[in-house]
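As written, the chain order gives the labels A, B and C, with residue 1 at the start of each chain.
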Amino acid sequence: MATPAGALVHGRRFAAGVAVGVAAAGLLGALALRAARDHEGLLRAERTDVVTLRALTGVVEAAGGTGDGVRKGVAAFAAQAPELAAIRVVAFEGISLEASTAAADTGDKAAPRRLDREEKDIFDRGQRIRAAVETNRQEGGARKEEIEIRPLPSGGFGFAAPVELGGNVAGLVDVVTAPVSTRLGFGPGAALAFFLVPVALMLLAWRPLGAHRHLLAAVAVAGVAAAAWLYGGAAVRTLREDRSATEAAVRERMASSGAAATAALSAAGIEAPLDPQAWDADLFRRPLAIVAPSGIDAAKSAASFELEAGVLRRIVAGLAALAVAIALFAGYGQAATLFGILRKHREAYAYVAPAMVGMSILVFVPFLYGIMLSFTDSNLYNTNQPISDIWIGLKNYSAILGDFRVVTRAQDGSWMVNFDNFYYTFFFNVVWTITNVAIGVSVGLVLALILNTKGLALRPIYRVLLIFPWAMPNYITALIWKGMFHQQFGVVNQVLQIVGFHPIAWFDRPFTSFLTALATNGWLSFPFMMVISLGALQSIPSDLYEAARVDGATKWQQFRGITLPSLRPALIPAVILSVIWTFNMFNIIYLVTGGEPGRSTEILITQSYKLAFEKYRYGYAAAYSTVIFAILLMYGWFQNRVSRGTEAA
Amino acid sequence: MIIHRLARLGRAIAVTSLLAFASAAVPALAQSPTEIVVWHAYRGEEKTAFEKVVAQYNEANAAKGVKVTTLAVPYDAFADKISAAVPRGKGPDIFIYAQDRLGGWIEAGNTVEPIDFYIDKKDKDRFIPTTVDALTYQGTLYGLPLNFKVITLIYNKKLLPTPPKTSKELVAAAKKLTDAKSGRFGLVYSYGDFYYHAALMNGFGGRVFDAQRNPVLNNPDNVKALDLLMRWLTVDGILPAEPSTALVTSLFNEGKAAMVFSGPWFLGEIAKGVDYGLAPLPTLDEAGGKPMRPWMTVEGVYVAAPSKNKDKAFAFVKYLTDTPAATVLALEGRQTPANKAVYDDAKVKADPVLEAFRKQVEVAVPMPNLPEMTMVWSPATTAMNLVTKKAATTKAALDDAQKKVAADVAGLRKH
Amino acid sequence: MTRRGNRSEEPAHLPLHLILIAVTLVTLYPIFWVFTIAFSGKQSLAIAELPADPTTWDRIRSVIPWPADVSFSNFTSVWNDQPFGLWLLNSAIVAAATTVVGVFLSCTAAYAFSRFVFPGRRAGLMSFLVSQMFPGTLMLIPLYIILVQWLGLGSTRIALVLVYAVTAIPFCVWMLKGYFDTIPKELEEAAIMDGASPATIFFRIVLPLAKPAVAVTALFSFMTGWNEFILAATFMDKENLYTAPVGLRFFVGGFSQSWGYFAAGSIIVSIPVVALFMFLQKYLVSGLTAGAVKG
């Protein structure tokens, strides 16, 4: 074991693993820092320009939103605000361009005039902002952004803010900024250090440590950890400096925009107070109160930065873990083993690959997306936000699984079952699945056995007639079944009355309502089971029966001893899959009972559907779906263990 | 946050480069006509009439290089297909659908184009005002109304020569014609369906959402409306149990239902030989003589937000909702247009069905187009079932429904 | 003993026929209602029609599905008023292609799972099972993004075939693997001795023996593609590419519900399925012969 050659193999593997790991981590780390600095650059542009925009909006509002005062004020403001390439003021009344400093808006096109068709998006933006302000006011919160920002192909930004007159949004100020660079730098130096430190350590340790694999591993971990610590510190420092520069830029802009606003007010001939403190605001026009003309609140600035620093630190830690994982994977020889296995069994993998690729693309990609969604608060109102903003961790799961109020007290004090509770629905779902599969399998199997009787006349005819429920679109047959259970005119109650019973209001009680869906689904599912059983019965060699007969076995003994065991390999997958399908049998519940009475016959999948498409809570619905998945996964795992012994091969 | 900005930036760049590409491609394509694609959910005579109007438009505008093509999509798949395709720029230029999904599409974004910019008051005044309200979301108009659908009173002339004008007359007439044991009823409608019940609810001044968009399912007016329904059902006994739409049709066709509350879709299901008439829903003596006010659904014609030919698309929207086209839809497609001038046409005036719905729509209330409306149906259905099966009092059932809807709305509108 | 064994070998056929007839009647009863609606010439969904004060005889009459007037008008309208034949053809193309792709891919995969021992085999099998477990309520838009936006397969039959085949594969793989397991390995070993290639063994020996299972998977794959509605309606942007289920749904969406047309269309749509089953059933019951196994 401790031969020199073997020792060198370990060292080489660890060195290579560390090199690949930190190369990947270093590259990703550099990209992460760059993205963070880009973000800071955008934030700087956003905050400074919001200051200017708010100053300008104040002037427009003071000037009454329309008329010559606005035009004079805007012109004076523009003269002192070189950062703005164009200012447009629009009044909704008459869709009128009240003022414009855009180069194109001169001569014929000078303000005031009605907006052109090409300028429809400006008006629509204004209406969107008006609706956002009204929504936030009605709901007493901040759900929709009241200042819109959009990057322009020129390299500048478009900013739009509402003009409020007497409490109503009556127009908007739409500005275009001059092209600015928001890129603050790349910083590959620190990332290179991330790469070099562990690799150098590894090269030093390689020969002396020789065959001691665990020591080599410890060196690799230590090297990566040290590099990550150094890199993380450098990256956070860089970002902090960027943030300080941003605050300074905001303060500077506050001063220049204040001067511009003062000039604009005097040009328009208006006396109005300025409130520069309120200009440093977020996109909901809520003051941030970090920068004021008098100075910068360093504590608040640091607190606002802490969140982003934390994200960056976590990213670096994650990358370090990735590098360690790669290093250990390669170092302990796992990578070599993996390649060996892939090569050795390439024929088997080639057979499986086409089906697997299709599954990965069309099933597992959406599936992973669904699981990711389940950790967010994604809903109709935030579909355009990135995942990171709506990430809520396990909250959806704790809301679903942590609610144990299966029974609640009604207003009159009696206890009643809370049909919306997850555990009730789960219980119902299990009952539903077991009963359905039991009916489907037993009816299907018995019919297959009868139809497998040798010499029985008309077998092909029976077989064809009995698959009709499967062949007919179930959208109509399910509704026919529902009609058959109608209280007054349904066939079932007619038959009950012919026989002398009272009619039953089938959909009024959870149990009878469940029976209607059970009858429908049992009817729909047994032909499939029958066909599978028919096929499976053919795998039993007839000479087995002959041998048994010679030994004097009865029919029942033959069934127990030969038929059932031989059916298992083909029947068990069918049973497992039909459990899974029945568990998620959406259509029949939806069409026949619709969950009534009182949502007592909902199953988990119909609840999940309602969460997504009636309540628009996509994240919560995805969590619900993931829970369903987990339940079925546990079932599959359990069933697989139980039936493992039956497998030939 | 980081990804947020980057995603936005990426989207904007993609859009602008696409626009640049499109504008560069325009001169090259100038020869072949601009195709305006319209998706709709029509079938049968409605589809035939609609396609006829499109053909007329294409003929008249062939010289301008515009060609409108249509695609019928099954109603059940329509909304999902729009939600999947349009925001990704793969959908049509124009689509036609009822207003109930409008709010959801607007909130999801990049689906429906606002059109206030294109039109002025005169354009809006062409339509029945409430149909325009139905397509207005938070103060912005998102489409032009094409047709509306409301329920009205449909009665069997053989059983009932003159229709009742008030709820008292209705109950009196219905009592005479009801013999529950033999399955005859004076009045049959899907009263357990909240959509149908809304006519009573709105008649009492009830509503589902208040002006601030908060759910108010259990407001006193809604309770009063449900109380009246229960009186019809239990005290007066003029209604059957479990009134599914299939049952309503069967009873009316067999002459076992003298009166039905239903909409234009019901007329196609009436058997030959049944002599029926239409009349406005009665006024409610219990609500101080105010009329019953059914919910109205409006088929809006929307321009898709990612469309590259919005101006040309809107030109067709205007043509389609204008009087000549809408008259064709009314007379040949048997639709009820939202355009007021259609009803001045002599042929339309002579048509008792169109006239009856025109009269009924005067008091109709647009069904809410808020996305939150989808949260109402399930709890409301549960409440209606509990009450009509006498398993709960009207107030308790509505309180419970209100609690559920309020919780769902709050769950969605988190800040 | 021998006599008793002989008697039980051939159970009396009459009771079996009685059971089968009873079951068949119950099974077909709702189907009869579909036929009744289809041939009624009307559009309403079946509701028993009862006269005033129904007698028992009236009740019995009301539960027997038979239209008051027999009319073919629903069938002619369905067939003539829309390109239903074309839609049926589209369905046939899509479902047939789904069957070919699905059966081929699952045969190869199932064969590997049954005959080779390789790392990841159990996990691979499980992953096919797992793919059926995630409920598809939120899948429409992700699938649209992958197939239409990324792969550019909007308005192509390929998109539908891919989706349907992938939907059908997990069941087919499990079904076939279970069946392959029951085929004795000795047969293949003998062939290897004779110098046969793996492909020869698979196509000449294994596949013919697995006919019943292949027939089941073929029927299953076909049905997966044949009756699907929402994906077909969402991915196809041309009316001449719609499949029959999409065409059917036009009749019953929204306010107007033409159940007569829908029922007639449903019957038309089921005919090819029944025909396919009639064709497949001879394979379905052609099992291993005694001689082939323990030769």
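Basically, a residue touches a chain if its C-beta (ideal position, glycine included) is under 8 Å from a C-beta of that chain, and two chains touch if they have at least 3 such contacts.
Please read these numbers as outputs of a predicted model, since none were measured by experiment.
Engineer: For which chain is the distance between its Cα centroid and the global protein Cα centroid smallest?
Structural biologist: Of all chains shown, the one whose C-alpha centre lies nearest the global C-alpha mean is A.
Engineer: Sort the chain pairs by how many C-beta pairs are in contact and tell me the top one.
Structural biologist: Max contact pairs: A-C.
Engineer: Between chain A and chain C, tell me the centre distance in angstrom, where each centre is the average of that chain's C-alpha atoms.
Structural biologist: Roughly 33 Å separates the two chain centres.
Engineer: I'd like the Å distance between the centres of chain B and chain C, where a centre is the mean of that chain's Cα atoms.
Structural biologist: Distance between chain centres, rounded to whole Å: 38 Å.
Engineer: Which positions in chain B are in touch with at least two other chains?
Structural biologist: Counting only residues that touch two or more other chains, chain B contributes 183, 246-247, 250.
Engineer: In chain A, which residues are in touch with two or more of the other chains?
Structural biologist: 483, 486, 489, 613
Engineer: Two or more other chains touching the same residue: where does that happen in chain C?
Structural biologist: Those would be 45-47, 50, 229, 249, 252.
Engineer: Provide the residue numbers of chain C that touch chain A in the complex, in ascending order.
Structural biologist: 1, 5, 8-11, 13, 16-17, 19-20, 23-24, 27-28, 30-31, 33-34, 45-48, 50, 56, 59-60, 62-63, 105-106, 108-109, 111-116, 118-119, 121, 124, 126-139, 142-143, 146-147, 162-163, 165-166, 169-171, 173-175, 177-179, 181-183, 185, 198, 212-213, 215-216, 219-220, 223, 227, 229, 245, 248-249, 252, 259, 262-263, 266-267, 269-270, 273-274, 277-278, 281, 284-290, 293-294
Engineer: Please name which positions on chain B make contact with chain C in the complex.
Structural biologist: For chain B paired with chain C, touching residues are 41, 43-44, 71-78, 80-81, 83-85, 88, 90, 149, 179, 181-184, 245-247, 249-250, 253-254, 263-265, 268-269, 271.
Engineer: Spell out the part of chain B that touches chain A in their complex, as residue ranges.
Structural biologist: Contact set of chain B toward chain A: 1-9, 12-13, 16-17, 20, 104, 107-109, 113-114, 116-118, 137-140, 183, 212-213, 240-242, 244, 246-247, 250, 310-311, 371, 374-375, 377-378, 381-382, 385-386, 389, 391, 396, 399, 404, 408, 411-415.
Engineer: Hey, which residues of chain A end up touching chain B in the complex?
Structural biologist: Its residues touching chain B are 35-36, 38-39, 42-43, 95, 115, 117, 120, 123-124, 127-128, 130-131, 134-135, 138-139, 141-143, 150-153, 308, 311, 377, 379-381, 383-389, 411, 420, 483, 486-489, 505, 507-508, 594-599, 610, 613-617, 620.
Engineer: Mind pulling up the chain C residues that touch chain B in the complex?
Structural biologist: Touching chain B: residues 42-47, 49-53, 81, 140-141, 144-145, 148-149, 154, 229-230, 233-234, 237-239, 246, 249-258 of chain C.
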